[in-house]
């Protein structure tokens, strides 16, 4: 088993953990953390799978660099929204139901 | 573009363009709006006259536009189309005059006349549609453009009536669409053609074709107010009088009846429809409607509702004529399309006049109205007698041809239906005539209009249209044998449909 | 969220994990090998470090859009930062010692410059350099040597999106010649360096901005 | 590698990015004119591109000159061209509207956040959509999806009140989860085939590795989440119904179409062999969306919520095409026609809702009584848009419905035809719920704020376009027939 | 197989820190776990011969994101209202 494959499997577990966390955890900050775990999992899979035979593949490296920047951008926006929501309503969770009104 | 192409389009445009312009007019531009209305109506009449001469000479007028592969928006001004077109355009002119007088001083007139013109355009499109797709387009357009007229007053009753109207007509439209697309998927696009287009299909499809027939007839049957699809018509009577007159006596219900004619004659073909055993059920449905409508009319005290049920009954004469396999019945049905229109619009004009001048809406309030409003009442009486089928009126001609057609087929029960219907007609019209002419007038009318003083019972704009249509009722009866009568035109159509000598 | 739904999510997650692991263990050898292609075209790319070549040349278009994502996030974030409330409790947490910051920051800036320069032929480049610059700003802020940012002025706004606009300008100039981001081989190295310099500044500002526009105002 | 004809396609991405950036530099609330000029230019370029496509066929543009699989390819065919046209046309109209909408005196609680940041965010949004339609590379598509998602979220949140922020957060989290799933799919594809260029990937047959099937499932679910297909629709109504009217118009008309397009593109191409076996599923979900969305629209108290739920329902139609896809092409034509006409009509509808809101300061359906007499143009626009949504002739929606029923009946699939018909009637129920209320006469005549005519007439123009589209069906289908460049 | 053992250990550490990030009750601890996770990711990238990503992860993934998260937690804490649970 190559390192690539090991990290791909770890990536799978991270992704699934993050996805479950995004769905199950009520606190918005946790959801944001979970999203970052999920993203890291996907990055690991991308690079790990591409390098499962041991060689180095620069293409997924570039993709992951792109992905990391996108992730931090999304995280910052999410945190800004969370802080705004907290400031306006004191809430740190989304209402359970998408009520009509 | 040749004349044969632009003439049908011009007929459409002569009401569409004024309608669109009227929408844009501010409320207070009364003069310009009236001019536009009348210009459109007169222009349309002129164009229709040109078409009539041309079609009688054997010219064909058609124009098409491809919308989707194998689906065309197509117009054709043939003899049958012109029967409906000329009826509608003559009555449009009269109703426009009437409406100008009727709505004087009321709000939202630009909107009213705009949609009114759109309705007429839709009617023209229905009449001149050359295939089911085009027919459907204008059929739904008619639904949509009538709705604002039904709810025009914005009262609770008007809104309710509008909702019921939509529920029926949109539902019917959905059935119609299903039938049309089904047919389309079987045979592709079919143009309306004399003697139908489906007979070459293999017998394998007979069951599907019966289902499609049911869907199509149910779809147009809503507007034709076939029982049990008639429920919208009495409720739509909340609309202002000109709307009831033109749309619910002429345009909308006739659009349904006209659709039945097109479907039976020019999609299925009468022979083929007969071979699928479709005509007898249709005749039964029409007969039931005739009797049921009359019975319900008897029970109504509200004049417009009584007239509405009378419409339910009378429009089915057309369907009945169509369903009577044979040229004589056909002629009866076709000619009734025109005759019923003239007569029923007269009645609605008069009902509007009574309501406007005296504030009477109920039959029971009409005692002695004849002496107060003799001209209106005269027109009303002529039309009512026509409806009953009294000699010398248009109604007599229709009924005679219909019962002859039934006899030719040996369908004795149809004769009984017609007789019963005439008796019922008499039962709900004659008491009114008795009241208005012979009973003493009350001391006070429910809501007498102060403007109508002196010898004039109302303004000439409200009086002229019913008098003219009443005169036409008589003329169509007395001069039925002349060359340009509706009857002659119906015979021309029947000749082309059956390709057999017609009496 | 009710219990059944939670159980379903956990179950689904487990199933997905099992399937994914099974799938990646059974993966066949891919038909296309990009590393060979990258190596083959590296000489024409204008740089010698393969990742930089992919990032700014072969897949430079991705990078262009990615910078847009970052700029966009900042715009979205600015829309969320309410007017500063000055009556605010002191921020929690231990401030980093100013002395450390004074030592660290020059070092960070130097290393950013190095990363930018090195990116052409070894690991590093605009992203890392920009990130290090941003880190320097964050450290300064935590050491209370640099204030949080309020509404940006026009100069700062220009700095924030300048890198993107420069990148766009190069792309547009090249597109005017026929193909998007097709560098003439002899100019490729120069143009990439130009873009990277612009990006380093803007990325540094953008990444720092993500923090500084959100951060608590701290007394200096 | 490139056509001898100069390729304008990449400008459709560069231009909006450029004016978005410049608008940001200009400053808060500025840049409207720049945006309008840019969008007008984009519209012209799109028209030129469409004309070229009709005469020369599909296009492919190798970014950087490298070509797939090393580089990224842009590709235009009939399908993407129709979507590009829709995007620029609707955006142009909405921008004219937005310029008049975001004035200092707008008293509708939308705040200044929306006004201050609308133009840059809208530019990024437009760039994202254009880039998505042009891209032929799975990873590049991921970046465009992120750009699109963040721009949309930013626009929803920009108003800055609690409901908007909450809706935006929900939208953002859904969008991020979906993007993550999509990215995992890309990783699996790259692992399986060593490339992410659509042109270099083989069509995935039934005996493809498990990883590929999983990738298809992950990417499919991701795109359904972003397109808000029932039952993934929960985020849409608060986001679309809560945002300022111009934003709602952009989101409902365009943004969900972009992810639908990608779903369709992958379903028709890459995953077609895999997709055929489960094509009934999107159809089924689409049907559920039609019924659920319509039902909720019927119950909604606020007009914008009603329109937002209508989007949920109308999106359902788009997915009805999947079980009906056949070589006759009817279902695909129906889908594109529905996407176009819904795009025009829904934008118009949200714009009319914005007019009502600006004029009366209220948004409840019940408050619309008597509007018919006072805002006839706006009500007319609403009605015309409603005609398209109901699928009544002669609108584009009617053509879509006709094609869809035709496709269903040609295959003897009665159930789907029945859903289409029933959906049309349900739509009529909620459309006329509004129209009826507008016609109601009312004693109370609360003062109405004057409304810029631009607002009324841009909504009207889009609504009229959605109806008139029904007369230009042939042009759309001709364009759609243009295949991809090899 | 030294390296494989290291990879497996690192994998376990990654998963453990990730789990801790989501499961720990205290938000500050969760964020600290996340920063630890980020630093472990740097190692993972290094093991995957991806120094570029490792650099970016260190600066952005662990550093900047961590700082952002910490700042936000502080912000939420400072304004927490009664009855609002972390």
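In order of appearance the chains are A, B, C, D and E, and numbering begins at 1 in each one.
Assume a residue touches a chain if its C-beta (ideal position, glycine included) is under 8 Å from a C-beta of that chain, and two chains touch if they have at least 3 such contacts.
The model shown is predicted, which means the values in this text are computed figures rather than measured ones.
Trainee: Could you give the fewest steps needed to travel from chain D to chain E through chains in contact?
Mentor: Shortest path length, in steps: 2.
Trainee: Just to check the components: without chain E, which chains are still in contact with one another, directly or through others?
Mentor: one piece
Trainee: Spelling it out: a chain qualifies if it touches chain A and also touches chain E; which chains qualify?
Mentor: C
Trainee: Of all chains present, which has the mean Cα position farthest from that of chain C?
Mentor: Checked the centroid distances; the maximum from chain C is B.
Trainee: Find me the chain with the mean Cα position closest to the mean of all the protein Cα atoms on display.
Mentor: D
Trainee: Name the two chains that are joined by the greatest number of C-beta pairs in contact.
Mentor: Chains joined by the most C-beta contact pairs: C-D.
Trainee: Measuring centre to centre with C-alpha atoms, which chain is farthest from chain D?
Mentor: Measuring from the centre of chain D, the most distant chain centre belongs to B.
Trainee: Determine the centre-to-centre distance between chain B and chain E, using the mean Cα coordinates as centres, and give it in whole Å.
Mentor: The computed centroid separation for chain B versus chain E comes out at 78 Å.
Trainee: Quick check: how many Å separate the C-alpha centres of chain C and chain D?
Mentor: Comparing mean C-alpha positions, chain D is 30 Å from chain C.
Trainee: Between chain A and chain B, what distance separates the C-alpha centroids? Give it in angstrom.
Mentor: 67
Trainee: Counting in whole Å, what is the centre-to-centre distance of chain B and chain C, each centre being its mean C-alpha position?
Mentor: Distance between chain centres: 72 Å.
Trainee: Where in chain A do residues touch two or more of the other chains?
Mentor: 8-9, 13, 15, 17-19, 23, 45, 49, 52, 56, 59, 61, 63, 65-66, 69-70, 72-74, 76-77, 79, 81-84, 87, 91
Trainee: Tell me, which residues of chain D touch at least two other chains?
Mentor: 139, 143, 146, 150, 153-154, 157, 160, 165, 184, 188, 190-191, 194
Trainee: If I count partner chains per residue in chain C, which residues reach a count of at least 2?
Mentor: In chain C, residues 20, 24, 27, 34, 38, 51, 58-59, 62, 66, 69, 72-73, 76, 80, 82, 127, 207, 210-211, 214 touch at least two other chains, as defined above.
Trainee: Spell out all pairs of chains that touch, sorted by label.
Mentor: After working through each pair, the chains in contact turn out to be A-C, A-D, A-E, B-D, C-D, C-E.
Trainee: For chain D, which residues count as touching chain B in their complex?
Mentor: Touch list, chain D to chain B: 333, 370, 372-373, 376, 380, 383, 387, 390, 392-394, 398-399, 401-403, 405-406, 409-410, 417, 421, 424-425, 428, 432, 435-436, 439-442, 470-471, 473-474, 477.
Trainee: For the complex, give me every residue of chain A touching chain C.
Mentor: Against chain C, chain A makes touches at 5, 8-9, 12-13, 15-17, 19-20, 23-24, 26, 45, 49, 52-53, 55-59, 61-63, 65-66, 69-70, 72-74, 76-77, 79-81, 83-84, 87, 96.
Trainee: Which residues of chain A touch chain D once you look at their complex with the stated criterion?
Mentor: Checking each residue of chain A against chain D gives 8, 15, 18-19, 22-23, 28, 31, 35, 38-39, 41-42, 45-46, 49-50, 52, 59-60, 63, 66-67, 70, 73-74, 77-78, 81-82, 84-85, 88-89, 91, 94-95, 98, 100-101.
Trainee: Quick one: which bits of chain D touch chain C in the complex? Just the residue numbers, please.
Mentor: 2, 6-7, 10-11, 13-14, 17-18, 20-22, 24-25, 27-28, 61-66, 69-72, 74, 113-114, 116-117, 120-121, 124, 127-128, 131, 139-140, 143-144, 146-147, 150-151, 153-154, 157-158, 160, 165, 184, 188, 190-195, 200, 202, 209-211, 213-214
Trainee: Which stretch or stretches of chain E touch chain A in the complex?
Mentor: 3-4, 7-8, 11, 14-15, 18-19, 21-22, 27, 30-31, 34, 37, 41, 44-45, 47-50, 52-53, 56-57, 60-61, 64-65, 68-69, 72-73, 75-76, 79, 81, 84, 86
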